[in-house]
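In what comes next, chain A is part of two complexes: it sits with chain B in the first one and with chain C in the second one.
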Partner chain A sequence: MNNPTLRRIALALAAPALAVIVAVVVSSIVLIISGSNPIDAYHDMFTNALKLETSIDILNRATPFYISGVAAAIGFRMNLFNIGVEGQYLLAAFFASVVGGAVNLPPVLHVTLVLLVAMAVGASWSGLAGVLKVTRGVNEVISTIMLNFIATGGIIAGLIVVWQDNTGQVNSGTTPLPKSGRMPDLNSWVEVFTRDIGKGRHLTGVLLLAIAVGVAYHLFINRSRMGYEFRASGYNPFAARAGGIAPKKMVLSAMVLSGAIAGLVGMVEVLSDNYRYDQSFVRGLGFQGIAVALLGRNKPAGIAVAALLFGFLDASRGPLQASGSASTEIVVIMQATILLAAVVAYEVVSRARQKNEASTAAALLAGSQS
Partner chain B sequence: MRKRLLILTAIVASFTLVAAACGDSGSTDTTSGTTTAAPTTTVASTTEAPATTAAPDTTAAPDTNSSFSLGIAFDIGGKGDQSFNDSAAAGADKAAADFGIDVSFVEPNADGSDRANILQGQADQSDLVVAVGFLFADDVAKVAADNPDVKFAVIDDAMLNLDNDPPTPRGDNIAGLTFAEEQGSFLVGVAAALNTKTNKVGFLGGVSGFGLIEKFQAGYEAGVHAVDPSIEVVSQYITEFPDFDGFISPDRGKEIAAAMYESGADIVYAAAGSSGGGMFQAAKEYRDANGDTVWGIGVDSDQYNTVDPSVRDTVLTSMLKRVDVAVYQATQAVIDGTFTAGNTIYDLSVDGVGYSTTGDFLTADQIAQIEKFKAQIIDGTIVVPTVPA
Partner chain C sequence: MANAIELIGITKRFPGVIANDNVNLAVEKGEIHAVCGENGAGKSTLMKILYGMQPPDEGRILVNDEVVTLASPSDAIDLGIGMVHQHFMLADQLTVMENVILGSEPMKHGLIDFDGARTHLKAVAESYGLSIDPDDLVESLEVGERQRVEIIKVLYRGAEVLILDEPTAVLVPQEVEELFNNMRDLKAGGASIIFIDHKLDEVLEIADTITVIRQGPTVATVKPGDVTAHELAELMVGSELPSPQTTASTVTDEVTLEVEDLTVLDVDDRAVVDYVSLKVRRGEILGIAGVEGNGQTELINAITGTEPQASGTLTLLGVDITHADVGTRREAGLAYVPMDRHQEGLLLEAPLWENTALGHHTRPPFAKGIWFDRDGARQRTEEIRRDFDVRTPNVEVPAHALSGGNQQKLIIGKEMSSDPKLLIAAHPTRGIDVGAQAAVWQDIRDARAKGLATLLISADLDELIGLSDTIVVMLRGRLVATLDPATITPRDLGAYMTGVAVAQEAS
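Our next item is the complex of A and B:
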C-alpha cells in the first residue's frame, strides 16, 4: 500500500464496497429480527435477477431512475439542489401526453414532438425556480418543493378534468397517444442474443434515450466549456466568479438544463407503457432520482450503477412476495441503508483521501528539499 | 457543500423512512390478526348467506382443486389496510378453504410502477388473477391480451369498452366487478339519521374528483334525507384527484373528523380507505374530552372488527362493500366454468353491499327501519342517486 496510485484506487473502491457491506449487514439483522432467513431471501433475489424477464424488469425500472438521476445531478454539480424533478417530470409528462394525444404525425416526428414538449415544459418549470433564485434570491430547495405542489395539486389537478378523455372509465386520463407516437419496444433486439422473452415483458425503447442522455451528460460536463464552468462554479463559486464566469447565467442554465432532462423522466410511461397521463401514472421518480444521483456521486457511470442497483432491488419485491422468504419492506430498508451508508462512507473515504494527498504532498516536498 | 449534502441526505432519508414506515405498519397489522378477523366478519355481519349460486364443491374434500390457482394483486398498501384489500384477502381465503385451491398474494411497489409486472407474475402461475382496484384497469387489459388462457377480474372497474354501443368487454377473459356503493351508503345514511342528536352529520371522503367516492356521498346524503330532510350533512374530502394520498392519511382524516365533531356533527361516515381509522380516533378523543357520544361509520369491511380495539366502541355501523363476496364468486365461476366477461354489479339484491350490526349499537327498531328501506331499494321503489345533489 505504499504506492500512492494503488492507494487511491483502493480508496475509490472502498466507499461503495463499504456501503454495500453495511447495507447487507443491517438488512440481515432486520431479517433475522423479523424471523426470516437472510440467506434464503438473498438467494431468492439473486436467482430471480438472473432470469431474462427480470433483467427486462430491471432495465425498465432503471431507465427512469437514470434519467431522473442525471437531471438531479446536473444541478448538484453546480451545487444547486433541484428537489423539483418530481413536479417537473409530472408536469412535462402531462403536457406531453395532452399534445401527443391531440396530434397525428408521422412516427419519428410524433415521438420527437412529444419529447420536445416534455423537455420544454420541464425546462420552463425548473427555469421558474432559477429565475426566482437569480432575481429574488429565493433558495431553490424551497421554491422547487413548492413548485412540486403547484404542478401536481394545482395545474395537473385543475387541467386534467378539462382535458381528460371522456371514455367513462373510472381510471380517467388524457387521450392515449396514437400508434405513431409510441416508441417500439426493444424485445427483437434483445432476442437476437438470447432466447425469446416471456410474454408480457417489453424492454422499453426509452432505454436508448436514457443512454443518449448519459452520453450527452458525460460530454457536456467533462468535455464542454460550459460543463467546465459548471464544475468550477460548483467547486468554488467565488473563484469561478473571479475567473470570469457569470454566476447568474450559470444558475439559470443549470436549472433549465436540469428541468429539460427531468421532463424526460416520465417518457417511459408516456411513450412505451401507458401512452397517456392517468390516475395510475407513476409518481415519486423525482425523489428516487435524488437518491440515485447521490449514490452515483453525480457521475454518468456512477448514476447508471446506482439506477441498476435500485432497479434490481425493486424487481426483487415480486419473488420475495411469491416465495414468502422475507417481507418486501426489506427492499426499502436496503435502499435506505445503502444510501445512508454510501453518504457516510464517501465522507469517511474523502477525509482519508485528503489525508493521503496531504501526506503524499508532504513526502514529495520533503523529497525535493533533501 | 458538505453541510448542504447532509441536509439533502436528511431530506431523502426522511422520504424513504416514511415509505418504509407505512409499509411496515401494514405488514405488522397483518400478522396481528387482521386477516384472520376479517373472514369471521363475513359470517357475523351478514344475516343471510351471501347470494352465492349453488355451490357443488363446498362439500368436496378441500384438495379437489389443488391444481387451480388464484392470484390476487393488491392495490398499494396491500394486506393489512383493515379495509378494502383485507376484504379481498378474506374472500380469497374463504375460497381457498372451500374449494381447496392455491392462493397467492402480491402487491405493487410504493409508486405502483410495476403493476403490469406483478400481474404477469401472477398470470404465469394462476388460472384466475383478481386485481384489487381500478388503477389496475389498463394494465389488466394489456396483460390479459398477452395471456388469453388466464382469466382476469378487476375490482371497482366495469372493464367495458364504452366507445361501443352497447358497451363490450375489454377482453374475452376480463371481468369487471363493481359495487352499488350508493345503495349501501344510503342504508348507513339512514342509520346516521336515526341516531343523530344534533341533527347534523358528516361525510369524510378520501379523494374527490374521479367519481367513485361521490357515489358514497350521494347515497349517504340521500339516506339521511330520506329519514329527515332537515338534517344537515357536511361533506369534506381529504385530497383531490389526482392526489390519492387521501386514502392513506389517517392523520389528515383525524384532523378533518375532529373539526366536524367540534362543529356539532355527531356522526361521521368515512369513505376514505385507511384514513378512516383517524376518524375513529377523533371520535374516541372527542368522547373522552367532552363526554358526548359521537360516532363514526366505517366503510368496506366491518370496521368494528378491524380497528384498534380501544376505539371500536365508536363504530356505529359500517357500510359493507363485499369485495370478499365478489372475489369468492368470481373464483367459483371460473372453477365451475361459468365465467362471463364484462361487468358484474354487486348490489343490495345479491348482498354485494350492506351494513354491519356488530357491536349492537343499532337497536332492533332501527334495524327494522333500515331493512324497510333496503327492501324498497331492492324492489325499485327507491332509486338511489350516484351523484351528490
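Our next item is the complex of A and C:
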C-alpha cells in the first residue's frame, strides 16, 4: 500500500465496509440470542433481494429515502440540522394532494403543479425555521422539531377533517388525484431488459425525479458558486464570513432549499401509489433521511448507496416474516447498528486520513527538495 | 519568607511552538506577583500548568516547598490554588451564593445547606474584606462585582493562592482601583496572588514582584522599586534592532481608507473602539501598535465589516462603505490577512484551490457566471504556489497538511493576487519561521510600492517599526499617539503601548 492514491481509496472504502461488518456481527449475536439462525435469515434476505419484484420494491422504498437524505444533507453541509424534514414533507404532501385533487389539467402540467406546490410548502415551512434562526437566534433543531408537531398535529389534523373526501371511503383522506395528476410507472422501461413484472408491482416514476434531484444536488454543491459558499460556511463559518459570505443569507437559503427538496419526499405516495393524503400516509421518512444522509456522508452518490441499503433492509421484512427465519425487528436493529458503527468508523478513518495527508505532503516535499 | 509556589525549569512544547522554555517563577507567601509579557509570550500556558489544566513537558512544581503533580484543576484546588478566568463563568439567573456554591454544594440531610453556605460565604468575604450581597442575582451585578463573585468563589473553596488571568482587561479605571484595593485586602488576609497583566502602569502600582516572560523563557524577575517603567517595557517587548528595513517612502496624497469617529461597543455597551479616526493613503503602511486587547481586533473587524459598529463612517476610495457588507467591501478591493489563520483564514479540510477562492469567489478566475470555476481556481493556486513559494506537493492537499508558514504564505498570496486596494494585515508573521517571515515582509513591501494602502497590526515591534510609514498607538480603545518609525525605538514604543509614556506626559 505504498501508492498514495490506492491508500486513499482504501481509506474511503474502509469506513462503510467496517460499519456493515460490525452491523452483521451485532445482528448475528442478537439473532442467536433470540433463538434464530443468522445464516438462514441472511440467506432469506439475499435470495429474496435477487428476485425482480423485490428489486422493484427496493427501488420504490429507496426513492423517498434518497430525496429525504438529500434534503437533510443540504443542511448538514452547512452544519445546520434540519430535523424538520418529517413535518415539511408531510405538510407538503398534504397541500399538494389537496391542490392536485381539486384541479383538472393536462397530464404534464398537472404533475408539475403538484410538485411545485409541494416544494413551495416544504420551503416555506423550513424557511420559517430559518427566519426564526436569523432574526431571533432560535436553534433550528428546536424550532424544526416544534414545527413538525404543529404541521402534523395542528395543521394537517385540523384541515383534513375540513377537506376530506366523503365518498364512502373508510379511511378519511383528501380527494384522490385524477389520472392526469399521476406519474406513469416505469415498468415498460424495465421490461425491455427483463421478463414481465408480476405481483402488481410498479416501479415508481418518481425514481426519475430522485435521480434529477441527485444530479442537481451534485451540480449545486460541487460546481456552483453558491454551493461553494455553502461548503465554505460548513467548513469554517468564521473564515467564510471574513471571506464575504453573509452568514444569515446562507442559513436562510440552506433552510429554504432543504425544505423545497423535503417537499418532494412524499411524492412517491402522492403521485404513484396512493394518489392522496389520508390517515395512513407513510410517516418517518424524514428521520430515515437523516440516517441515510449520515451514512452517505452527505455526498450525492453516498446517499444513493445508503438509500439502497436501507431500502434493501426494509424490503426484507416481508420475506423474513413469511419464512419465519427471524423476527422483522432485526431489520431495525441492523439499520441502527450500521448507522452507529458508521459514525464511529468515519471518525476513526478521517483521523487516519488527516494523518496520512499530512505525512504524505511532508514526504513529497522532503523528496522534492533533496 | 517561604515560597507558596515555586515553578522550576518549566518547559511546554506544542507542535511547532515552544510555549514555555525553562521558566522559573517563585511566589512568596502573602505577596502579589505580577506575570507580564506580550500575548503569545507563554503566560497563559504557564498558568494552565499551575492550575493543573495541562501537564508540563519538563520541570517541577513546588507548593509549600513540596514537589507536587497536578493532573487536573481539582488537584490544584485541593492544594489551595484557585483561578479566576478572564471570562467569567457565572450563571446569570442564579444568585451570588448559588453561583459560589455551584459544584461544591454543602449538603445536610440530603438537601443543600443554604444557611451553612451563607454563613461560610459571609465569613470568607469578611475575612478578606470583600463586600457582596449573597442574595443578589448575578445578572444585576456590574462587571467589577461579578469579578468579585469569581474571587469569592475561589476563596470559598479554600484557596490561598489566587491566579487572576488579566483581571483588569474587562474593567474600567474606577473598577481597577476597587480591584486593587480588594487585592491589598486579600494580601492582608494572608493570600498570595499571581496576576497576569501587560499594562505596566497597573503592574507597577500593585505588584510586589514582577516576572517578565518573552516568547518562552523568563526574561527577568524584578522588584517594582528597582526598575523604571521604561526598563520594564523594554524587558517585555524586547529591543533588538528592527530587521525589516524600510525602503524609500512611497506614500502619496490619495487617501484610500478614511475612518472617521469610529466607535465599537462590546456586549456591555462599553466603547472598545472609542472615536477612532485615521487615514491610510495609497502606498502607505500605517502601523497600529498596542498591547492586545486594546481595541485593535474590534477596529479591524469593523473595517472588514464582520462586526457591526456603533457610529462613525468608513470611506474606501471615496465610496462610503459604512453600511456595506463584507462581500461588497471585498469586491471594492479590500484584502484581509486575519490574525488567526486557522480561525478566520482557512478552510482546513478543504483543498488549497478552494482556500484561495475564499473572499474572491465572486470574481474571475474563480467564478464563471453562477458556476465556480474549478480549473481557474486550480490555475490561480498554482500561480500563488509558484510566486509566493508555498511549499506543497500539489494544490489538491487540504490546508491542514501545510506547515504554519506555508499556510500564511498561501493566505498572503491569495489576498495579494486579487489586485487589492487596501490590505488589512493582522499579525501577518505570527508563529511562522524566520524565512517565511522575510518573504511575507517582502511581499507587503512590493505591494506597497505598487500603490497598496496597508493597515498593519502587529505585536512584533520590530516588524511595525521596520515596515510602517507611520505608527499610531492604540490604548484602551483610543489612538493615543502618532509616531515616526524613523525616530522611535522599540523601548519608547513599548512605553507608549503600556500607558507609561502617556501617563508621564499627563502628569
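The working rule: the second predicted complex is superposed on the first by the 362 of 370 C-alpha atoms of A that agree within 3 Å, B and C clash if a C-alpha of one lies under 4 Å from a C-alpha of the other, contacts with A are read in each partner's own complex, and residues count from 1 in each chain.
We adopt the following convention: contacts are C-beta pairs under 8 Å (C-beta built on N, C-alpha and C of every residue); 3 or more make two chains touch, one makes a residue touch a chain.
Just so it is clear, the model here is predicted, and its values are computed rather than measured.
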- Item | Clash or fit (per the criteria above) of chain B with chain C on chain A | fit
- Partner chain in contact with A:A352 - chain B first, chain C second, else both or neither: neither
- Message: Tell me which touches more residues of chain A here: chain C or chain B.
- Response: B
- Message: Going by the contact rule set out at the top, does A:A10 touch chain B (first), chain C (second), both, or neither?
- Response: neither
- Partner chain(s) touched by A:F81 [first = chain B, second = chain C, both, neither]: first
- Once aligned on A, the angle formed at the Cα centre of chain A by those of chain B and chain C, in degrees rounded to the nearest 10, is 120
- Message: Contacts for A:L308 in the overlay, against chain B (first) and chain C (second): which applies, first, second, both or neither?
- Response: neither
- Task: Kindly classify A:I160 by the partners it touches after superposition: chain B alone (first), chain C alone (second), both, or neither?
- Result: first
- Contacts of A:A120 with chain B and chain C, given as first, second, both or neither: neither
- Query: Across all Cα pairs of chain B and chain C, what is the smallest distance in the superposition, given in whole Å?
  - Reply: 12
- Any idea which chain A residues touch chain B in the complex? 57, 61, 64, 79, 81, 83, 152-153, 156-157, 160-161, 167-172, 198-201, 234, 273-274, 278-285, 287-288, 290-291, 294, 314-315, 317-318, 321-322, 327-329, 331-333, 335-336, 339-340, 343, 347
- Quick one: which bits of chain A touch chain C in the complex? Just the residue numbers, please. 223-229, 231-232, 235-236, 238-246, 354, 357-358, 360-362, 364-365, 368
- Query: Of all residues in chain C, which touch chain A in the complex?
  - Reply: 304, 306, 325-331, 336, 338, 343-350, 354, 357-359, 361-362, 367, 370-372, 374, 391-394, 397-398, 400-402
- Task: Using the touch definition up top, name the residues of chain B that touch chain A in the complex.
- Result: 1-2, 4-5, 8-9, 11-13, 15-17, 19-20, 23-24, 27, 104-107, 109-121, 123-125, 134-139, 143, 146-147, 156-158, 162-163, 209-212, 240-244
